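Think of it as A, B, C, D, E, F, G, H, I, J, K and L in the order they're written, each chain with its own count starting at 1.
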């Protein structure tokens, strides 16, 4: 593990359900083009409001993935 | 949208259930007197402990709403 | 309450389920040796990814507890 | 000046023109209901993009005004 | 306590005497119109200088109060 | 809007004219390869000095754009 | 001094009197079990309000002490 | 360039016109006594309000200049 | 006031008495060589401990003063 | 230099040797696909521990490179 | 790994040699009483000066270790 | 030590060798005109890249020195 190099992407996922689902949605979309995702860090939790209720959650995540040699 | 002016309120919602419910509770209370709420930003997640368990979640949110002309 | 002194511990809890469960797991473990826990503050939300999905959530919490005289 | 008490409002102004105009627009709207505004602090500069260009600037300002006795 | 909702105000109090008095002055003024203030957080400590000495302290506080149902 | 996923890029634009022009220049260059840019956030404002004057402004922006399905 | 190793504790002291007394109270309690305390850093100043006045100050301090060989 | 040593000054410039002019004014004044200024970083943007409008902008800049051997 | 330029100094004052006295001591010393000091901002509050008690407070302040033409 | 546009990548390099080597390793890997790298900023320094010793250093760097026209 | 709970300690290590050695010294001392240390995060790098040179480096690290069941 | 007043300078040192050498170079240059330097704090670690490698490290340090009476 000591000689791995990682790259971090910054994504915003959204979900009408929960903070956790917003993160999962971001990862699911990123996984279509990025392999070897290893960890994530939540950096912002926000959301949009409709009619006085949370309409959807918007969660910013940084995702670290291994750069292959 | 470009000539809207927004005001931000800072609220603390609480819930025995979840972080999401604490946010929803804050919005429900604010909606009694504030119209046109558009978005929120979670700025702190805290909580109280009773008997070694989370008794309730306390979530600080900033809420943006449109100031009408 | 005005003459209590508190100490803060910093813990990382984890859970495959949710952010809330990761916090509860940290408190459950801390409660084995610490009495009089009063509040917590979430300072970081991260997690590990396996096969493009969240494998487990890792949540850093500071826990305040009363130092007894 | 030493015994004044101030309150701070947090506003988001917008403008298609410039950062300065977005601040001025926020102040103009706030001035309809708030007297004695004294100073402001810019805390965020953001904006929306249309067709690859800045459509409008959105600037968050905290505005301090004197609370009269 | 678990279903209370709080609102936070941001105030700047001042005093020629001390940081503590500047906070007390802010609370005294806010208490004329706000009931149920519960806690405060000092976010900035500043001041003005005259003739090489502190003329007055200016302390920014966020004040949390209960929103009644 | 609730099921969009966004990616954020971090760019530094520069301009001899103004902060606003430095942001526009960064967006103009990014728009050559990125579609669907939605918003930006200014995170740093710096610049270089020649002969005691601002030679050019350097503004760091994070740009959010929609990841298409 | 160059080969000392220090550990930091995080404490919250409280006092009805002043910020300084809240720090002293935290140190007095910590000194019952910790020897060789060397320095402290104030990281948060908060407090509780009763009847519109500061009831007690709550000050978070990090305390550094020498780990003996 | 690799063996240059720089010193940073912290200045506050003001202007009735714009953020950019406030920076230029700070640099113009600093240039009377400091040579070899190389870059600046804007760290705060504030201003004073008169009659509900921005009276002047106040911009804090750190200025880096080369220390000559 | 709109065309003043200010410079900021960063000082650390100390006092066995209080946070306020530590600030006053820093200003008193600075005033020997700097004229036209206008405001200060407290950026750090620390201190040294002897025999389990605060021996002296150390307060970092930024001091703004007018640069004369 | 005034009309260059830069993009920033965020990387994590690792090394069993030193912080400097971890940065160099990140740059060496990035240089396989990115040309015109100009500067870097260290944003985090962490590491893994085996048997009570640093096993490898993990350093997060943001790398700025010129976007060519 | 998903059901581990970690605790974080905050330490200050010092060394006349290098930043890396200061971290290693902190870990070596902590390892006398703490088992299962897993990772560290550098949060501050400081040092003392004697005769115009670095006398020793002081590095603050947070160390995470597994709490055993 | 309790009645010392310190001033802080902000410097950027550089070195092709290491972070530590960049700090030492900044101190060596500052020591030509400043006496009684006591401590430093590293606030930024950056550097320039040539041909895909670190060309030189640039380290920002705040240096505290005693103001003599």
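Just so we're on the same page, contacts are C-beta pairs under 8 Å (C-beta built on N, C-alpha and C of every residue); 3 or more make two chains touch, one makes a residue touch a chain.
All of these numbers come straight from a predicted model, not from anything done at the bench.
J.: Starting from the defined contact criterion, work out which chains touch chain C and chain L both, please.
T.: Per touch definition, common to chain C and chain L: K.
J.: Comparing each of G-I, H-I or B-E with E-I, which pair has over half of its contact pairs in common by residue number?
T.: Of the listed pairs G-I, H-I or B-E, the one copying the E-I interface is G-I.
J.: CA centre of chain B versus CA centre of chain J: separation in Å?
T.: A distance of 38 Å separates the two centres.
J.: Could you state the distance in Å from the CA-based centre of chain C to that of chain G?
T.: Chain centres of chain C and chain G, defined by C-alpha means, are spaced 22 Å apart.
J.: Could you check chain H for residues that touch two or more other chains and list them?
T.: Expected reply: 10, 18-19, 30, 48.
J.: Identify every two-chain combination in which the chains touch.
T.: Between chains, contact exists in these pairs: A-B, A-C, A-F, A-J, B-C, B-D, B-E, C-G, C-K, D-E, D-F, D-H, E-G, E-I, F-H, F-J, G-I, G-K, H-I, H-L, I-L, J-K, J-L, K-L.
J.: Which residues, counting only chain B, touch chain E once they are in their complex?
T.: Counting only chain B, the residues touching chain E are 9-16, 25-26, 29-30, 48, 55-56, 60.
J.: Show me the residue ranges of chain F that touch chain A in the complex, using the header's touch definition.
T.: Touching chain A: residues 1-8, 10, 62, 64, 67, 69 of chain F.
J.: Contact residues on chain E for chain G in the complex?
T.: For this pair, the touching residues of chain E are 18-20, 23-24, 27-28, 30-31, 37-42, 63.
J.: In the complex of these two chains, what residues of chain D are touching chain F?
T.: My answer: residues 18-19, 44-49, 52-54, 57.
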